[in-house]
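Here come two complexes built around chain A, the first alongside chain B, the second alongside chain C.
Now for the complex of A and B:
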């Protein structure tokens, strides 16, 4: 790391970690809407504007692939200003080729989604390194440019990342370019205090990026940013990795199951038969508890 | 040790962090400019070598060794904790609570600790509920019913701080018993009594009440503020609780906070159960709807019951219409890292890693170089599953805060994959 303590960081200097979804299955499906090449040109313009608006700003780009994740760009690594874009594009191309070569076997857990939990974890490790570099450092935030559907199998890993980001006060912003909303990213921005946006017209992606996601965290407080259009709090069951909005919870370890079980597969507890299985119809409902607390 | 930890960012910046909240008080009394220097303590990171030259201390390996020790002791026996608790906090507000041996008075100190405790309690026991009770003028008063919202308890507590009359332990226990006896059996029933008085002024035989609590499996604990009382000791012994007398405010805080982590689930006390729950969606900001809990029209916020689609203001709660238990799923997910701990990383012996060609140059997580000055391989660890290399700082962060291995998470076929990053 460059000797940061010698630089004077003000409160509007940003470290922007961008996670780009490169999942080929997703980009194939939206070809007509917004081809990957066009998407990248929007993103490059956006990243350049971040670096130009304050010369101390730092940008790190991670590729979220279908089979792997990797760093593709770091503006703190010395390179000439004119070759930034070429550098990024070259690394990105290498990454996409490598990612594709890993894709030989038929995956067991479905193939629609990309490895968001991996790139989020890596981004958080990078941000911790910046925190370690000294008491003065740029203010970090994460921006997910994501299109693939959520992979329910990543539920626990993504939630772990979200809580770690929340503890370190790193907001996770999300710009969803797919057709569906992402429940993971809605929860991520809601919990970490980031911005969640699903642009209507992808032709104007650069406009969305530069008006919503370009401002530093300090100035953000003065802006009218998009309000979340609801948060999808559905969880994944541990038994089939289905996304559910109602389920059964083990009272010992809080594991979620979509169907009634005799024994908890996570902690091994055998469930008592004494109580009715459905707590919503208790044997002797107590009318007193039903009254609202502050009535 | 604590010094180093306060300069790693996490512990200081975020107060609710459950793992690392060692010393927040550390930097409070200083001016901002002083703190910059005090936090850095640059003079301490230097040592003299044999030739008298100043060079940085290799703190990293030291802290890493300490972390390793922590990891070894903490990874076992995390599971099997009864995470659903019904706890009544009974606060003695008799004449004795007005005494000023604690500054400014016993009841103010108790209230302050209870406030902090309530917040900590809900962080560690997401599905549990607390109720508040006061003992005053010989009677017991219910301050709040059992509920899951920390703010409403704290508000009720702070509004009622006056002391008078005598305390009646029996009346308090009777009231708690009548409330807790109706709770489902899969939860732990507990009482925590903060007792200032040196006597109890009861209407009938308290021994009967104690036996009644024992029969209902209510675990009673008492923290005394003055001196040891036989009846309190007897109560705690009979019901399986703990009894301590605090010597000062700091000790009191320690004693109170001992009750925040969930007690081990003893089969005798709670029956494991499967509870049906719903995960409501949060409505869009700015939408107007009528909530079922207050029967009022409200703008924005609010959650929708997934079964009957009724609108609720706050979680966790029970749906007013269909009775489904409603929780926020992230609330549950906070404890999942206990269920799926990641394997400790292996140290990579320097002798094995002598061939620089064979090794990754950068940490897989943070890209920090893993080479010492002079291009010699430095200390590093390796994930036994994905075979990626990590620096020691990332190792600590991954196991103590992130709880994901970035390597394992970023390869779909992690078993068959032994790739070394260039």
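Now for the complex of A and C:
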């Protein structure tokens, strides 16, 4: 007889939250490489395969747009099995239209970025709801299929989501389909123990997804998954949202600034007393080295 | 004493034991491919996905490269399972390089599933036909009730009032191994395996019964492959939807009648046509044993004073509790009982292990106490284990006794020899006597003969 444990699900039951980048600026720029239609067919096949391997697996898809993000698919909501794809595509189209209509108004932060912080938070909220639904829940993980460049303005929000994912032990996997590496997602997978991968050949996206990202958390303990070559730990400053190598850190609340400030804009601590007392020292003696943000 | 343990073998073990040509034929059905994939160990599932779009053989090294040192055994299990189910065929080439090839039928069926997202085995009743279908709750209740009736009959309980339609010959087959009847006058008594069976969870019990059912059908000339594929197909129907009986073959309709008695399906008579509605029990068939999401809510609260409160209206629960405790009184929705030394030794003498009782209590702990750890008070579990070890105070070992040794040297040499074999049980050097285990007797004989020479 099998021993009893509080965990009633088998180890390989997973809840996969997939964040799809639907930023039109990005997809317009990489048209030649992997058109969105092809990309989505790879993703649909991947989602089908996740649902295929275990009856209890659950997939939630979130679209990350330029101005908004929304749930476009949830496999736990009852629907006919053979209309999954139609359902998803229809919702996705509605979402893109809505996103576009928002775009005509004021943009959130500059051109070309997508709202990763928003969709990450929504994914975590969903997972929290699953956690609180009772003692019976599958193992959740997040997969970001992201292509747009990092929006430095979202730095704080994204870092906060990463840390809350770390706290609730939710790994964030990242598959970067853009041309550049994403520092945010590198940090996200590094901190949460997920996998970061930037596929070389985008034509075979499904193969990458099925070999690397379809691996459930239980099997990951026995497998050698791709490890990042290096992680870009650079942070963005809180004042101008620039990515910086060196900067100033508030000794009270650890806010980051690119220039010397008189008062911390986050916690209101007043800096520079030492300099005021001793005017002979130069105003900028040694900018503090920013420490890596690993926890 | 030879121990016949009920191993609630998985459905898939049975599939794996089918002859090769039958197995290959099974894979032509895409539902079976799907069910089999789901039954695989997690790592094996991953390998199948990984190889799904690779044409041609894959070298073993390529798969091994992914495995961490810790996971080698898991990797072996996964690959062995895949080969056993003929999903992978292993070929060893001349250069000693092993390659694996995915079963092409299996591969193309899964590819289709991944691209098209899967289809249903048959169309459910159109929604425009106005027939009152049972709600999901009603259906669950029906399945549970039907299963309980079946179990009560199985253990020949006097509590069973409603008769089932299962023929007595079929019932006897199910009871084979679970009950044991010494003579006709005495009512049949549960055997050790019978007790174990009752303490298993529903899914495991279902497996056991279905397995017996399949072997029985085999004896009556029904093709096992057909039966298995029908059962697996059944598990892919949607719970609570009605399906037309006319879509089934005659054999399948006969099988369905038996399954109705087990509570796997509910039959519904329409005005013109008949329908069958699969219940949760049927749709859980393809889930591997370890998946216990179908587990019911617990109902037992055990207190530190060895009293048990079982919030249940079920007669079956009462019967199960009676196996190892004394029922004190029963209210409409509550059974109060006490675990006493007498009641427990009765259970232990019947062959139930203490751990089985404890795990039954833990598995069925009432949600209020299930939140706590331990869900069953420690003093109770300890005491149950102590009572069990009480029964095992005496240990019997078949042995041989030697005395009247010709000299002290021979005696000591013999003692050393026996000690070397780990078979020395007792020695008395004054009187030159020793007792050895029976299993080393042939060695002893040989040794003593040599000593004489």
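Following the convention adopted for this analysis, the second predicted complex is superposed on the first by the 256 of 295 C-alpha atoms of A that agree within 3 Å, B and C clash if a C-alpha of one lies under 4 Å from a C-alpha of the other, contacts with A are read in each partner's own complex, and residues count from 1 in each chain.
Here is the rule we go by: contacts are C-beta pairs under 8 Å (C-beta built on N, C-alpha and C of every residue); 3 or more make two chains touch, one makes a residue touch a chain.
Keep in mind the model is a prediction, meaning the values are calculated, not measured.
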item	value
First (chain B), second (chain C), both or neither touched by A:169	first
Which superposed partner A:248 touches (first chain B, second chain C, both, neither)	first
Contacts of A:207 with chain B and chain C, given as first, second, both or neither	second
Which of chain B and chain C A:75 touches, first, second, both or neither	neither
Contacts of A:192 with chain B and chain C, given as first, second, both or neither	neither
More chain A residues in contact [chain B versus chain C]	B
Touching partner for A:67 - first (chain B), second (chain C), both, neither	first
Chain B versus chain C as contact partner of A:53, first or second or both or neither	second
Shared chain A contacts, counted only where both chain B and chain C touch the same residue	1, 135
Of all residues in chain B, those that touch chain A in their complex	7-10, 13-14, 16-17, 36, 39-40, 79-84, 126-127, 144-147, 149, 152, 182, 184-187, 265, 270-286, 293-294, 303, 306-307, 318-320, 322-325, 327-330, 332-340, 363-368, 393-394, 397-398, 401-406, 409-413, 417, 421
Interfacial residue positions of chain A with respect to chain B in the complex	1, 66-71, 74, 102, 105, 107, 115, 117-119, 121-122, 124-126, 128-129, 131-132, 134-135, 154-157, 159-164, 166-169, 187, 190-191, 227-235, 244-257, 260-261, 264, 266-267, 269-272, 274-275, 277-282, 285-286, 288-290, 292-294
Contact set on chain A toward chain C in their complex	1-4, 6, 8-13, 44-45, 48-49, 52-56, 81-85, 135-136, 206-207, 210-211, 214-216, 218-219, 221-225
Complex contacts: residues of chain C adjacent to chain A	34, 37-38, 42-43, 45-46, 49-50, 52-53, 65-68, 70-71, 74-75, 110, 113-120, 196, 199-200, 204, 286-293, 295, 355-356, 359, 362-363, 370-371, 373
